[in-house]
């Protein structure tokens, strides 16, 4: 197993040098889920057909959150994302969130996709917390990435 | 079950009016977990005794993340947090994260605590992703809150 | 006519001292308008009944924009807004925007309301520019304010 | 008339994919105006010859505002602007604002130019509001753009 | 000599709890200096009488920088500053910078004053670096503070 | 001696046009120092061997600060930094700070390196101020730069 890349030999945290990496098209997809009471999911569903849509607010927050990744994650490089989409699907007792980020650049965009999912999930929590304080954000993970030296990777 | 508070009668999203709420001491505690390979946890443990500490970087990111909550969550009020702590505990195949936020103010700090946990978890992912791409952020939830009209609440 | 308050005697720009002002409830309402082709307004109307609502995106952007006021306007005080609402109404060839901000604090919130209107208007422009490049943001102004030493003021 | 580009088929707001657009030089010019009492304009003029220059403060705010565009406008791409200028001209009862933004990149910079004008205008309002509460920001619009697939466009 | 306050017993960095501190008026004054070639100071002086004033740009940057303190300094509390002034004085081979911050609140504002001085100094460097790369920012320090439990303190 | 580049002929501050500059690899190294009581340095040294490390917190703050440069310095271009490292060395009565920034781009990264040093130094001050209010940040300067038309430069 390789060692961490975010520390130098003296143990200092570093924003690693990506200057010599190739500018390739990089895509990452992340997913996550907000578990909730069925009544909460029903309430979201009820609002979804008119204005006041929890999922639309969370979706926008996720897109904006992706852009804040380098402000939030200490050792992330600032990146000029070329595409961000966030989708939310309402189930019986959960909201499933998928985010896709894309870049022509020198480093991957997994963190941007994961941040988009997390911020969208936090926004769902915020908007529903008055009716369901026990919600849980869970299974936030990268499901696939492509581009760069390590090529394409897909979670099992 | 009550209705959502973040929409007005016309269905518009609003930052709800808290002007008339009392300024009380409000505390919220949130928790979450990053699941990982035992080898990854062992690698973090190996670094923890010298500089280059994954947990210390993530902890700081969590504290700073709490302060960015109103920038990230669309309908959150800007708050003058009076205390933020973030603790990370390394297990055999996970990092357990706990965040506590405190405020003398007119609205609760659950979102700040949840955001601190999420940003700390994302930072753990970022620092370890080169060795373990399959990590998962899971069980991000509020475990207790106190202060305000709804009083003290603790998750089962 | 009084002199500017944002410069000291030497002509230096200052964030003026409000420490001795009373903490009162302050409200400001601002309005503005995005002029557009009737076809553009019709297109927005067509989207408004399902997801993909230009007005909902702009409304959220306006609320978030209000919170960024002290980052944008050099001499504005950082304020803990207690309420922000933004409403958009679609006319035949325009979107009318109204923002209301509220604060228990030592200085007024006109700039927050104006910034909310401006950011909502810019977002309408952004989302419709591919179909109507000639839109105009116009008549952005304060229509009323209350609270503080100068009391209530309403535009004619 | 074309449809909006910022929504996918399901009606979700997206940051549209620009990965495959060519990196060309893109320029946009936007204009706007702050209408005010002639006495206010005279007061600004009086300050302009020494320090304490309203227009200089607003100009700088406009340049900095252009850089915050992706933080403010939900679906704007983060861009590495290569040039921003903002000019303010004082008339008898108005300040005329012009902003020019430039980029070697994959998407246009109209929103950056419009945001620069808006933030400069808001700053003029902020600095003069103690003497003239009835000012209006008006006629904020794109006057020309060049670069990219749609080529050069000039407002009539 | 006391121990650091920013770590708990376990050695974790914390944003220390100030909830129980009294809300008093707190003022801090910080100073600093940018050393430069006499020719550079002369060039600044030449610009100062008309528009294009290095000192005015740096002064504004300093005020705005004070507001970003909690974003920059990991363990600083977010504060609602009630006053910020920054003054720059041009000497023969230096710019002397003084910043004053004020707050009715539960914690001191030294960091805000020091950040204002640092950002103003960095801006002087930025604007003059094309003519004088060897400038130095020096003697950035707190010269006085008042308010809070520790009372008034003045540097010798 | 050349004139300032950050003003146009009319004296307006501008973000200068770098569109036509070549994309080369640019590196800048900056240094600075926080002077303190020997007792304070000893206290930092005592903490350094376990968690609660002042230098590690300041180092991370410096890296994150480099990314905020275009938000802080009015006329700096937004840049996609490809590497940032910050090193802190503890002496008998001082902390020596060195920051290195790197970019494949059209403009230099001196300001990013200087900002990293300044933010790291401010963070050292923040964490030690409870035990040593008289610390000074000093000798913040560029020590070398390379890349771009002006080539390599090293301070004497």
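Just so it is clear, A, B, C, D, E and F label the chains in written order, and each chain counts residues from 1 on its own.
Convention: a contact is a pair of C-beta atoms (placed from the backbone, for glycine too) under 8 Å apart; a residue touches a chain by one contact, two chains touch by 3 or more.
Keep in mind it's a predicted model, so treat the numbers as computed, not measured.
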Between D-E and E-F, the pair with more C-beta contacts: E-F
Label of the chain whose CA centroid is most distant from the centroid of chain C: F
Chain B and chain F, separation of their C-alpha mean positions in angstrom: 30
Averaged-CA centre spacing for the pair chain F and chain C, given as whole angstrom: 36
Mean-CA-position distance for chain F and chain D (Å): 30
Interface hub residues of chain A, defined as touching at least two other chains: 10, 12-13, 51, 56-57, 60, 64, 68, 71, 74-75, 78-80
Chain contact graph, described as a line, ring, star, complete graph or other shape: other
Complex contacts: residues of chain D adjacent to chain A: 8, 10, 12-19, 70-71, 74-75, 77-80, 105-106
In the complex, chain C residues that touch chain B: 25, 56, 59-60, 63-64, 66-68, 78-87, 102-104
Chain A - residues contacting chain C, complex: 51, 53, 56-57, 60, 64
Residue ranges of chain B touching chain A (in the complex, touch as defined): 1-7, 10-13, 32, 39-40, 43, 47, 50-54, 57, 60-61, 64-65, 68, 71-76, 110-111, 114-115, 118-119, 121-123, 125-131, 133-142, 145, 153, 155-156
